[in-house]
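Two complexes, one shared chain (chain A), two partners (chain B, chain C).
Up next, the complex of A and B:
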């Protein structure tokens, strides 16, 4: 099992938007040969589009705008699901997250890296409002340090025990 | 929502907004930070200052933001550079960033630019 599948890679938007997407189905998404499944961003919400089943928004960290989608259709899924109570919790959490996403707010977003109509996006799992403006600066520095010390290393060097 | 239409606000220090700067372009989307020096309710123009440099901010499209003199604000918007007149940032996003460490902020911007330049270089090689 690839442990990195469940880690949220901290990326700047420019780094995320330059990820390589394979032409296979489903596509694999990679950064310098390393598969990326989940990512974490910090940025300012610069657009917001609420639909009945989903919320689309963009977060801007100064290097790019990351498209994010937060699904709100858990209520529809739970009607036919044997895991109804789990879906209720998921629906409630998604609605809470959607309420935090407002224009001009600094947010930390975590989710799966997905592709929609050829464009990279984040299918959001968690949204956290960052009230301390220095949190964004810290995230930038973490992105740079992690890229240098971990993400840019050849995969073989990291998997060797 | 057309993600390709909304450009990111490039992080720029007020001192960098000189005619010789690559960021000094009509319509350039930038993000600036500075202390609120003055605000006119009639014109909705704010003046922010940082490191001795000032910038006019057109805030007429902003909502849900309270302006307090001497607080630090961050704005994302597009530069308007008239032929005769002062440069203005037409803000579409504004937020209070009181508590921000401006020294760290500016140092981090320099680090980020080097890192982002490396990303671009690695894409082309």
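Up next, the complex of A and C:
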């Protein structure tokens, strides 16, 4: 298992918006040749668009805005499946996360990096409200450190387990 | 008083004679305090020019610089303070001079304090409080501030550090009033208020209401609103004769009515302005078979007594009777006690300030006395009494059983000291603490009057004992002051008997709603609460932002939060971390999570018992919860931060530290906690369920890669976030029912306890390699013949899902090699196949991440390359 594939890469919005998207299907998203699957951002919610099946929102971390989508369509999945209980849980969690996304709130967002109509976005896995404003500064610094000590290193140097 | 001649400094005098101290303007004194404060802050270990101590706010508060408090003796200043003592409309005492004012705390102030003159304070302690932010020394005055030259160079001198709070603590006995009468050097009683002749009513103060917040900044109390206190009017009146000081009680002032053992008091003479004309019988003890209709007797002389002002024999003292009203002492319990609201108008705020909850007070009856009218009406309803500066209100110190002909009362008898017995239990402070409330040894000095109940033929010793017992019983009517531990024990006992808690103590606590609790404040911080409000147009608006205060109050073992809105009322001088305080009438409120919250309301009154220095390394203490353990945090942060992607290269390093979040849980073993392990008794967190986590394997993500972190016990509980969710409700039918009200047995903590009571041991394994929470690969095993229900499965899934949505942890642990991994109790080969390729660590210490501290460290690291 390539553990780094499942890690949520800490990125600034400007960095995220400049990720390279391949034209293959499915598209591969990479940063300096390193594939990026999951990412984590910290920023202020500046836009919120709630629809029946999803919640679209933008988070601004000072370097740019990251488009995020939180799916709320778990209820539409088959209730008859043996996994209904897990879907209930996921649906409930998604509604909880959606409730946290309010304008002006500082949030930490984790999710998969996806492409929709050619634009990069985050398909949100979870949302955490950050009460401490210093969390944003720490995130900036962590982005810089991780880029320097991990992401910018040649792929061969990154430990694979 | 000695004066220093102009041009000659105090230093010159020191060489030739006794050191002289300067009387300094208060504005210069405050600036000097700022200079001392700035130098005190330099004692705090700094990191890059900023204090390394950062307030850890474990609840939802706004992180801020920790508060530092220094207590400085007057010897450091080498000066004398002089000014007029005034009281503001918010009930705060202040010392004024023409250059400024400063808050003062006077522990030995009494109700009869009446000072119109200039006070000289030679011995005092200065308390400096403020955030631990360094002050630029260039902003402060560098010249000698407390010299004659500086006093005239710049006037008035303005305070530079706005966040610094300065107040002075001194005792009246260590100060003098320069223009007070010789016999009243401490201004402890007004000359006109030392005449006790007449009737006096006995009161027990049960509560003080805080001043409204909007009065806080009104330094002039002359046109402000009133302050209020609550008291019980006791069924005793004292009658004192207008006699010379050393005469003993006699019947000269009483006129015996013909043919009946009834006396008519002469107390209704116009000079005494008494509205009453009481009749009373001489003795009911000696004539139980008397034909006299006792109902005709308004008062019954039960005890002869001697009242003195102060302990000096030169002070005036009066003889008289302490009479029971309406019924005998034996019959009297709570019957005959009337609640009274005392309203203090502006010129009597000093009486309010000195009033002590739980203290006995004597109020002299005056013309149109409302208390007498209430007695006449004989109504149980409460009444309001207006107190002005002319009202004689004296704090009473009782002593019992002295001989009738004894010249002086036995003030120092420990066994007969009523108040001492109560106060000893109430306040327990360390020697190093600066006391705000009078200590037990000073009780004699801080009472206005001493009331000695004497022994004579009318009242034998046995009856005096009954009186004493009766007075002691009144304390049981006061709100019991709980300790933090006793409060938690009551709540816990209710948890254990939640299904049948109708008669539990918790039930009674909740029913009473308002409780009193005392403890040490470890942390105080602000937070904002959003709520709705109704505007003038009767429109409901949402998102009104209330500034609230959160106090973390602890005792030796436990901690609780007390919260309140900041704008509600004026908080007392000194409230902050490092303070021992008693919170009277705190609202015990059932919150939405089913657990009670303690809320300061507009009627809650906070009494500061003592303060101590804070914010220095030597003031550290052992704390009760792992996330609050600062000692542990320091140890943890001493390990350098690592990235998971680099762990493989660090296998030879014994200990690593990670900033990471939980992604999923691979393995979880829950066991029923046996109570005889003693854990429930030592549990520090009321919300934690009684379960034991034998082993848990978490998948962590720090942005660079993933690793497996193994933990047990409290560390596993923390990573599972059980402390956050155990008191939350869980409904297996989804969140449609979340808005319903729920009870404790519906909380996650209780349901986990029930599950383990049923199965003894539950094992969860996640066989999925991909670190996403999914129901697909969870397998549950139980150690019982019972069926593991779908509800129990949903519950565990919810707990796991919740753990994966938490914030960043600061985790320190030991790297595990394959040998160490083999020692873990993992029975599944599939699971081992998943975790073996990952770096594995054993969690040694876990803290919630302190963003500010970590950001500073990281910035240093990045800037140094």
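Convention: the second predicted complex is superposed on the first by the 155 of 161 C-alpha atoms of A that agree within 3 Å, B and C clash if a C-alpha of one lies under 4 Å from a C-alpha of the other, contacts with A are read in each partner's own complex, and residues count from 1 in each chain.
Operating definition for what follows: a residue touches a chain if its C-beta (ideal position, glycine included) is under 8 Å from a C-beta of that chain, and two chains touch if they have at least 3 such contacts.
Since the structure is predicted, the reported quantities are computational estimates derived from the model, not experimental observations.
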{"item": "Contacts of A:106 with chain B and chain C, given as first, second, both or neither", "value": "first"}
{"item": "First, second, both or neither for A:149, with chain B first and chain C second", "value": "second"}
{"item": "Touched partner set for A:141, first chain B, second chain C, both or neither", "value": "both"}
{"item": "Partner chain in contact with A:67 - chain B first, chain C second, else both or neither", "value": "first"}
{"item": "Partner chain in contact with A:89 - chain B first, chain C second, else both or neither", "value": "second"}
{"item": "Partner chain in contact with A:132 - chain B first, chain C second, else both or neither", "value": "both"}
{"item": "Chain A positions touched by chain B in one structure and by chain C in the second", "value": "132, 134, 137, 141, 144"}
{"item": "Residues of chain B that touch chain A when the two form their complex", "value": "1, 3, 6-11, 31, 62-65, 74, 76, 92-95, 97-101, 104-105, 108, 111-112, 115-116, 119, 122-123"}
{"item": "Of chain C, residues touching chain A in the complex", "value": "57, 60, 62-63, 643-646, 648-649, 659, 661, 663, 701-707, 734-735, 769-772, 774-776, 790, 793-794, 797-798, 801, 804-807, 834, 837-839, 849, 851-852, 854-855, 858-859, 861-862"}
{"item": "Chain B partner contacts - residues on chain A that touch it in the complex", "value": "12-15, 18, 32, 44, 46-49, 56-58, 60-65, 67, 102-106, 119, 132-134, 137, 140-141, 143-144, 147"}
{"item": "In the complex, chain A residues that touch chain C", "value": "1, 3-4, 6-10, 40, 83, 85-86, 88-89, 91-93, 95-97, 108, 110, 125-126, 128, 130-132, 134-135, 137-138, 141-142, 144-146, 148-150, 158-159, 161"}
